[in-house]
Every structure is written in structure tokens, then in C-alpha cells.
């Protein structure tokens, strides 16, 4: 038990942030924290209210989806998390929420267009939306296939540069170099989704941000010569 | 008084959750808790602010709408509650709110289309909307007829599988195997209603969720081989 | 000073509810409480933040707009309040807010259509919207003329039955038999305004509530045989 | 350090108000406070969460963008602040936020039309929106050029009378005779932006406020014979 203490504490702490940031109600949503050295991740147990969660109730799994510690059933989305850890090198946290506006775009099966610098501060293209899943994927190993659907949508897109996606008809997944960063990305995505919703209401023909401005904002936070932050 | 103590405490506790979950302002809305063994339900007194409610102020009624305990007048919607308890076997809680987005759909006299998995996690079809009531029903025993209107809308729909409805021009009613579950359903309904409102703003021609995805999500939480929760 | 103590305490208490109910930010909005025996009302001082208000800072005025007690300048809208007290018998409280959705309808110069029972529980017709003021009224005694514009809009409407109005291009005024009831009406109006906004987004051609349902809901709360409340 | 103590405390206090007023999440947004006698301003350090900020962490800069006190890197938007202090006489506070509705208008590259008296109470024209920046400005000294873009948009507009602007594709900047007033303006702008968004949803052809009403409301708060406030 001692071996995964810090990982379970981190997973618990970040899961409890989901309702505090207004990203889901009741038991919706889940966060996992990954330890690359041990190749395991700690994830929320399925259907447990955020207020009742403790580090001890977290479930530790390896990348083959075998539970290595924990007495509760893991989040039903655990296999999607492991699929992303296997496919996207360097990510140490995955978050799934049903945040209202991001989910509204996912339900509309539309990527979120890049309309402003708030968006470009975090990623340099629209927020991708997967294709709807094919029936055989849905009837197969659904949660693993959800991961595959995301991976498919990232052909030609760097998951280190674009840390968020909309799963069509479902909702958002985000990730990052830590569980905390993945959660931050979920909150940013919800804000971007809300702003874009309002912008298209003001002008349904609104045009995307021009490339020079995308580059400027993305690079000043993320480029080789970034000058944002300490 | 002792006989209904637990029931009244449960009704009071769940009523007080209505404003905490943001489902109604002032005295709008009401929750009842049903005891199938005694065939009575405890319901909010009419027009009493949530902050002032106590278990003692709850009104206990039988299914013929006779008050069996309590000195206050019951919620004016009590007869709708009893109609649902009489008609829908196995439900032990009923909730009525005027939550903003669900009521907006009810005022538009539109069922809420099933657009995403958040919806399908809870029910496998659109949220039904009753027909507007006929004048003779309105002028008759209005609150009982409101129940009848709901029951009419559920011909061919299982009230154990679909635990929510919009009463046209009025607002939502939800129910469940406990008052707590009925209240949970009210909060879920409001969230589904808000997401659907935003999705049709993004794409007015948005198409419903495909059947395979509806089945998958509904079954993984509610089917014989459900694997959600503990 | 003792003579108006209770009136000033009531005015202060209700003014402080404006930000708590989310009806205005900073110093926007104002409440007055009227004493029909003394024919004076206590109103918020102009431009004082709600957090700093005390009963002592309230301004007491008679119906000729003469300050009878208080060292601060009264709300700039005080003359609108007195015009309503003079014209509408039996009202003992007036509230003006800039609540977001009610103001949005006022800015659109549109009455709020009666679309549901939440609305009909409180008034049996649309929420009236005044005509835009004529230039000579604006350049004259503006705040008194604002009252006159409201009174003009109520030709043929009972201010005892319809306790709210939108002043075109400006925002809502509400009133009632007490300051507390007037404030309640402001919160109800904002909720009605939000629901109606969302309903017309769902169906731009949404039809008003039928008369039999308007009558039923209004009468069960306000008619001779009302059975809502205790 | 003692020389700038009060200025840094004021900058810290107003920065911490940004999340309290709901104007930005995480580290988005920044406030500076200017001392006209010393010709320096104190500004938020870059990328530091609001909860962790202290007066000591504020960065003091002169109008040539030289840091005169502080060990942290200043906000990446500091040069926009200094450009505004240099160009607009009499302003002693500048605020930049990514508040949701104001940013939505900025992303739509649209000025906010003047639709009601809430707006006219604060400025007598639409909220200006800059032109999108030219590529050579973006690739040059971007943050200074952002200030220049604002200054360009204010040809013929008094920055003492209109204390807010939308930077196209980016978001709002506001200012005022103090940092507190500049922050107040940011909250007012967000409220105006939300009301206008809702008004155009109610009536896409809504017409602007008539000039006589604009003059009346602006003058009663700001004119030579103003009678609002104490």
C-alpha cells in the first residue's frame, strides 16, 4: 500500500477538484494520475460521490487494466485512460468530465473553432472532435475503443501540444504532464467552449483567429522563447 | 407521530436539497417520500420557505389524499404525487421543481431530444413531454389530472426506466425508488436540458444519439450486466 | 429619528437582499419601504455599496419628494418610487434592479410573453413593457416621468394584480404590499425572464399559455378560493 | 521597498478581486496600479495564481518598461499597460481580463452596441472594438502594439469618458482614475456584454438607445450637474 500512497493522494485530490471547478455534478467525471516509473495509474472508483472519496478508495491499475491495488471497482472509463497512457508518451494525468458547454459541442459533433487568444494561449488549432464511433466498436470493448477513437482523431496532431479532445456525442477528455495540468485543461476547455458558443450567437459567420495571432499566443506561452510565467 | 418520524425526516432532508442544488427559488418545488408498507407519503407543506422547514412541518398523506398526520396544508401539488404513487409501482419518491432549463423546454412544449451519453446514462429515449391539458381537465381536479396527463404520456414507456417527464407549459416531475434518487433525477434532468439547449444553438439540425450508443450507455449503468458503480 | 426606525431597518434589510439574490452588482438597484400611515418611504442612499449600508444611512422622504430624515442624498430613482406610491393604492414597497435577463427584455423593448405556469402563478398576463419615453419627458423631470411612463402602461391593468413592469431600454421595476414582497417579485421576474429567453431559443414560434391554464394557476394562488400557502 | 508599499498593496488587493468578481479563472487577467508622482506602476507577476499573490510579489515598473522593484517576471501584458499609461492622461489603473461575455464579443470582432441605460450610465457610445492587428504588429513588439491598437481605436474618443475597449480576437481592457475604478469597469463591461448578448437573442434587430436617453443617463452620473452618488 505504501508504494502507491503519493499517487493515490494526488488522484484523490484532483478528483475532488472536479465539483469545485464546476465541471460535473454528482459522480460524473473522473481523474487518473499516472506514475511512469511504475507504469501504473490511480483512478477514481466507479460511482462514488466526490465528498466520500479518500486516497484509500482510489484504484491502482497497470496499463493492461489489471487492478494492482484497491478493493473497489475502478471508474468504468478506466480503459480509456489506459489507452491514452499507452499511446501518448509523456502524459501523466487524464481527466474526463461532462462539463456543460464542452459536452454541448461534443453532442453537436463539432470541433470548437479557434476564435480567440484565450484558446490560442493553450492550443494552436481547433479542439478536435472525434468521429462518431462505429457500431462494432461500440459493441466491442467500448471503453478501449473510445481511447482508440481519440488516438485516431490525433493522427497528425501532437498530443503533447493539443491536450484536449471532444468525443463525439459524449464529452471531453483532457490530459497533461500531471493530473493537475490535465484538470486545468478541463477547466480551460469549458471556458473556451462557453466563449465560442456565445461568439457564434453574436456572429454565426465568425471567422477563426488568424494564423499570425495563433502563433504569437501559443509561442509566447509554449515556444522555445516563451516568456509567460516564472 | 413516531410512526412516520423517519419518513418525515427523509422528506424534509430532500426538500432542503432543492435550493442547494439550484433547482428552485423561494418556495417553488416540492419533494415527497413514500413508505410502501404504510402506503403513505410525507410531503412539503404549501408555501413554506425551505430554510424554515422541519421534519415536524411535513404533511403525511395516504394515497386517497387524506392527511394522516401534520397540522399544515400540504403542497398544492400533493394530488399529482399521489396519482404517480398509485400508477407507478415501485417508486418511493416524487419531485417537482421549476428548474430553469427543464422548465424552458416544458414551456416550449418539446420533449428533450437524446443527444449525448449524459442523457443515455440515465434514460434510453427523449425526455417525454405531456400534451397540453384539455380545458375540462384544468377546470376539474387539476392536480390529479396533472398526474393523469403524465400517466397518459407514459403509455408504452416504463416509469421504472424513464424516471422523468416534462408537463407541457408547466415544468418537470421526476421520481425514483427513493426520494433521494428522485431528487438526483431532477438535477440530472436540469443538466441534460441545459446541454441540449446549448447543442441546438450550436447546430439547430443536430441529430439524436445513434441507437447502439444509447443501448451501450443505458445498459452499462442499468442492464443485467451493468458494470457502473460498486 | 425613532419615528422611522422600523421603516429604515426594513428598507436597509431588503436593499441588502439585492446582491444576495443576484439581482444587481455594485450599487445598482434600489428598494424603498413605504409607511402608509405616515405617508413616507425609506429608500437607499444614492451610490452607497450594499455592504456599507446601515438603517441610519437610509433616506426618509414624503410623497412630495421632500427629505424628512437622513443626511445622505436619496437614490436618484426616488421620484419614480414616489410616483408609484402616489398612483398605486395599497403598495408599500418598490424595487428597481438591473437584473440581467429582465433588463435584456427591457433593452429589446419587448413585454415578456406568458409561456408557463411559473409566470401564471404570479400574474395573469405578459409582463408589460412601457413605450420608450418621449424626448420632452426625458429632458424634463426624468425620474418622475419614468413613474408616469409606468402608470401610463398600466391603463387597464391592475397594479395590485400585476406587480412588475419593464421600463423600455432601462430595466425592471416591481412593487407589492410590502418591500419584502416587492423584492420577491424582482427575483421571480428575473427567473421568468430567463425561462422565456430560453424557451424562445428552443422554439422561436412558441405560443402563449392558454387562458384556462393562466386562470387556474393565478386563481389557485390569488383567487377567492386560493389554496396555495398556509 | 518602502517607497512602493502602498502601490503594491493596492495592486495586490485589486488583482485578488478578479476571481472574486468572476472575471477570470486560474491566472488569467491582470491589474496594475499607477502612481503618477513617481511615474511607476505595480503589476501582477506573470502566471502566479491569485490565491498565492502577496503585495511583495508585485512587480514595479516605470513607463519605459524597466523593472524598478520586484524579483519576479511581470505580467506578459505589462507593456500594454504602460502604453496606456503613457497615452491616456489621468488614468491610474488598468485591468485586463478574459471575462466570458466581453471576450465573446471581442472574438466576434464586434463593438457592444449601446442598448440600455445600464450601459449609458457608464459610457455614452458603444464599447469600441479595435481592428484586428496587422501581421507586422503581431510579429513585432506585440504587447506594446496591443496598446497602440487600443490608442488607435480611441482617435476621436475620450479615454476619460470611455474607460473600456475590446481588443479584437483577444478580450477586454479597462482603465480608470484608480485601479479600483478600472476593476469596477471590468465587472460593468462583463454585465453590459451579457445583457447585450441576451437582447440580440430576443430581437436580432434591436435598435440602439436613443440619443436623448444616452445623454440623460450619462450626464446624471458624469455631467457638470450630476446628481448620482454622494
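Labels A, B, C and D are assigned to the chains in the order they are written; within every chain, residues are numbered from 1.
Going forward, a residue touches a chain if its C-beta (ideal position, glycine included) is under 8 Å from a C-beta of that chain, and two chains touch if they have at least 3 such contacts.
Values in this document were obtained by computation on a predicted structure and should not be read as measured data.
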item	value
If a chain touches chain B and chain D alike, it appears here	A, C
Remotest chain, chain C as reference, centres from CA atoms	A
Interface residue overlap between copies chain B and chain C, same or different (over half shared)	different
Angle, in degrees to the nearest 5, of the Cα rotation that carries chain C onto chain D	90
Rounded Å distance, chain A centre to chain D centre (Cα mean)	32
Centroid distance [mean C-alpha coordinates] between chain C and chain A, Å	46
Multi-partner residues of chain D (at least 2 other chains)	201
Residue numbers on chain B that touch chain A, as the complex places them	115-118, 184, 187-188, 191, 194-196, 198-199, 201-203, 206, 209-210, 212-213, 216, 220, 227-230
In the complex, chain B residues that touch chain C	25-26, 28, 45-48, 72-73, 76, 98, 100-101, 103-110, 132-133, 135, 138-139, 142, 169-171, 197, 200-201
